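To keep things clear, I will list the structure first and then write my remarks on it.
Per-chain residue numbering starts at 1, and chain names A, B, C and D are given in the order in which the chains are listed.
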Amino acid sequence: MRKIKCIGILTSGGDAPGMNAAIRAVTRSGICNGFKIKGIYKGYEGLINDEVRTFTTENVSNIIQTGGTILRTARSKEFMTLSGRKKAYETLVKESIDALVVIGGNGSLTGAKDFAEEYDFPCIGLPGTIDNDLYGTDNTIGYDTTLNTITQCIDKIRDTATSHERIFFVEVMGRDAGFLAQNSAIAAGAEAAIIPEDSTGSDQLIEFMERGIRKSKKSCIVIVSESPKCGALYYANRVNQEYPEFDVRVSILGHLQRGGSPTARDRILASEVGYGAIQALVQGQRNVMVGVRNNEIVYVPFVDAIGKRKNIDKQLIKVLDELSI
Amino acid sequence: MRKIKCIGILTSGGDAPGMNAAIRAVTRSGICNGFKIKGIYKGYEGLINDEVRTFTTENVSNIIQTGGTILRTARSKEFMTLSGRKKAYETLVKESIDALVVIGGNGSLTGAKDFAEEYDFPCIGLPGTIDNDLYGTDNTIGYDTTLNTITQCIDKIRDTATSHERIFFVEVMGRDAGFLAQNSAIAAGAEAAIIPEDSTGSDQLIEFMERGIRKSKKSCIVIVSESPKCGALYYANRVNQEYPEFDVRVSILGHLQRGGSPTARDRILASEVGYGAIQALVQGQRNVMVGVRNNEIVYVPFVDAIGKRKNIDKQLIKVLDELSI
Amino acid sequence: MRKIKCIGILTSGGDAPGMNAAIRAVTRSGICNGFKIKGIYKGYEGLINDEVRTFTTENVSNIIQTGGTILRTARSKEFMTLSGRKKAYETLVKESIDALVVIGGNGSLTGAKDFAEEYDFPCIGLPGTIDNDLYGTDNTIGYDTTLNTITQCIDKIRDTATSHERIFFVEVMGRDAGFLAQNSAIAAGAEAAIIPEDSTGSDQLIEFMERGIRKSKKSCIVIVSESPKCGALYYANRVNQEYPEFDVRVSILGHLQRGGSPTARDRILASEVGYGAIQALVQGQRNVMVGVRNNEIVYVPFVDAIGKRKNIDKQLIKVLDELSI
Amino acid sequence: MRKIKCIGILTSGGDAPGMNAAIRAVTRSGICNGFKIKGIYKGYEGLINDEVRTFTTENVSNIIQTGGTILRTARSKEFMTLSGRKKAYETLVKESIDALVVIGGNGSLTGAKDFAEEYDFPCIGLPGTIDNDLYGTDNTIGYDTTLNTITQCIDKIRDTATSHERIFFVEVMGRDAGFLAQNSAIAAGAEAAIIPEDSTGSDQLIEFMERGIRKSKKSCIVIVSESPKCGALYYANRVNQEYPEFDVRVSILGHLQRGGSPTARDRILASEVGYGAIQALVQGQRNVMVGVRNNEIVYVPFVDAIGKRKNIDKQLIKVLDELSI
């Protein structure tokens, strides 16, 4: 294995709060350990097109508290092709980059895995996604911030729901995972959560509505995980038809869930895994995602991180159920 | 004119942050000046149905910082009828209420005006609406909070817009008035605002897009006032068709704009006009809306407050135009 | 063991954000499982003086998002005496309370332990303290909120530190534990943290200052754990004397660290342990603190929770060190 | 008068949120109107030492939402001397700067006035101070943000004050002006404000305490304007001595009051006066401060802006008095 002197870093896929903190951590910890650091712009797209710049500690000053990513990000179709990855490899050779740190979610780490295998190139992944759907790490970078953003939005919506005695269906992000929906429902004191992990969701809704009516709760908030077919609008329409006496509203929180200054926890997680990425390379690790589990830095093989399913804690469903009475 | 001993207070129409601060101010200032205060629940609906409770200073403790309205609110169809207003009057007689303070927007103050004329009953209005569309007061209760909420949401969306180099159309509330859209666009550093007051909006959009392309700005945020026909989706679709090379997204902020802890300014405004409502009654005023203009408490006849049009400052359009280059 | 029918709940010691969420969770989960719930006001003081009220689910409506504690809290000297605890016991008998849930920190749980042993009375503790210094649970209720509050305060102070090129010593809470100082330093991108766990702190400061000067960083923020003798003022004075060329300022964050709306995580933790407290009683547990470790609800014997030392993760010290270059 | 081609801009004195929005507005509006813009770093200090850089629109991208000042700031003793101002003038000549825009408070604008007179040099001032103590403008840049920051801090402190039934003396900034103290007291629902404009403050305190005791309010918050002799500690000590039965605490908010992302209003004000500064120069104005009064941009001669006293609205004192019962 060639000695690593220069490390490239990029962010890929949907942006997540804390990505900048991770860029800062990788850069500073890398420099601290004697590496040269190069920032690659616009994800794999910039790797293909050689949009690369050498980073000093100053490049990452005063960014730990900012949302988004100073490296920009993109979803690259070209990198999914053999010829795209070939161009990417040529950039790495040209730029004398010996290892790659990729910050992103499932799709981005899958790209890193494929590339690492094809070119036998050392890649380290950092879990950067608001969805929290990567296996092997307790949390992903951005999840805690988005969870708080959603919770604060629901706090605001509850002001109106209570004042007007309405039923609100609030749609939140999460792709195929219900972490954001389930946990924001508990945190915001919502009455129910409809999540992809629980296929009985819609029946539960009817049961819940009936139970709610019996107890004459007058306002109510239901959190719904985004879904192409069964989003908040779908459920609102159903309730509208079956319970026309209710004043039903929909709120789709949308893109504001991705942004904002990261929470303390996301910044700390990003700092730890950024530091861990450099440690991993120093220790000869490659093709792993760096996570934090039980407060310890862990290295998770790419194949597990993206291949295994991270489950919702069933107990949380019970907690929400009891506390929403 | 009968001597006023007991004052009823209600909130009506859409809820607005700061309504609780106004309820607190009317209650405490009223008690301080020797009046009895009665809270009427659910707006005119509760007036018709006699949902009334005597208020002490404790009833309004620790609410100045809360969103929504502890009195609940509603849009009452029955109060728009003669028989509805008759029932309302009977409640006032039964409850020995001699004057009414109504906190709400255009529709609610119209209701107060009609009722005051019909029954020769002393009514005072307080401007409670996030839309800022009441004439005679510099600001309405709730406007400043919503303006800040929108601005913070756009700050978050900009993180994503910049990271992904996208064009965002963000739809904000305001009914027929562009105050929220125009001012949040300036505050958030958006590239343009499309407001109902400016009928050339959509042509400007094309001109703006072309200008933007020439200068190769890569991300861009356009704020759009809500509108049944020409909302954010409409403009996004147009740009999608004419500039398919752009990555266009839509965010409809929705109901979260109404809630949240009021800003300092909304709390102070609510405190001033609540105090002013009692002063107005002490001074024999009736059928006026209490506002604050040039830092002074003013009494605006209902007919002006709801009938005259409050204009957007044209200079702000010029300011946005120059600063978004 | 007598069958438990009625559960008393109190908050004790310093208030912490999330205590209300815990009160809500115990109350609702308790009622859901068939118990009667009684709220005891002002901590052990109210137990001694019989300030008790029966709670329904409505008593805890709309409090999950609020700071402080609706049950009030106090530090009771009388409860530290035999006669005080005797009076407390008499209240429990009089009120037919069969078990006690105490939400508080080290001192409060010590009181619960003593009382439980003396009167063979079932007590369950919930970890409610911003200091995070209870053994056996990953986090305590309030810690995450305070960590974020501090981080946001430092974000603000950094604006001024950078604009004026100053050195700031920021003093934060934490009693004998450095969790808040160490983690907020990482989260806020501070240059150093002085914590009680690390006795070499002050020498490190000098070394750090010299290193900083060499690298000509012009502004710098040092987080200092509160301490009777060696707080932020002490260090500021030392630097003032040894490096008179620097513009040194002190900020003692003080009581605002305790308040505010709890974060999502504190609300979820409070909900889980509140639910867990009822489960514990159902399962016949007594004299344990309910915590969450590795995402699982755990029961920690009082003697461990208050007697064992929870250590700062040494790795975090290394992370801060590398990232502050 | 020489034709103005190049405009220099600097921030001076204490930093205030919104200064960056003002820098952005001057730069963009300046470029839009055909001027060259140069940023001068570290206030008058940088003017003396020729720390100057040409600004494009990109230099001020993405700063409208940030606290502090990207131009840095300082209080310059040298600029108070004739020789200092001579050096400053030489820099302006060397850099071909034809006019100067100074963003700062009373001291900074006094410096601008002296310099403008001595060298017959066109200077425009922008009101940048959290204290709101400049005559001729309704608000100064930074005031609204700081007012909200303080209000939110008091909201948090109230959680603890209520939970523990304590009396809090909270010290806030404002120099010789009580705007921040008086208005934050109203906004936060505090029980009293002690401000420099009201010399009877301390007697009022005793009267207030007695009144409060009679009414048996158990917790209470008093806002105190910063003062070398009679700050929060002074009053806390007095109450401690005269009412030893109370649990009295002090919180000095300190430097965090200066930082943070500016509110919508501060950003809009900064944008308007920044735009107004360029308009002023285009129209041949000089040696004026640009303010906004009654929603209109106004030009205030330096001598008035810094020489006349801006008074607290007496009505606000009455409002606080009635609402704190």
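Details
The criterion applied here is as follows: a residue touches a chain if its C-beta (ideal position, glycine included) is under 8 Å from a C-beta of that chain, and two chains touch if they have at least 3 such contacts.
Remember, it's a predicted structure, so these values are computed and weren't measured experimentally.
Following the contact convention of this document, no chain is adjacent to both subunit B and subunit D. If you average the CA atoms of subunit C and of subunit D, the two centres end up 36 Å from each other.
For this pair, subunit A with subunit D, the centres built from the Cα atoms lie 39 Å apart.
Residue numbers of subunit C whose C-beta contacts span two or more other chains: 155, 158, 162.
Contacts between chains, counted with the stated touch criterion, involve the pairs A-B, A-C, B-D, C-D. In the complex of the two chains, the subunit A residues touching subunit B come out as 11, 15, 17, 66-69, 72-74, 149, 153, 155-160, 162-165, 168, 249-256, 258-260.
Contacts from subunit B toward subunit D in the complex involve residues 24-25, 28-29, 31-33, 57, 62, 64-65, 138, 144, 147-148, 150-151, 155, 158, 162, 183-184, 186-189, 261, 263-265, 267-268, 271-272, 274-275, 294-295, 297, 313, 315-316, 318-319, 322-325.
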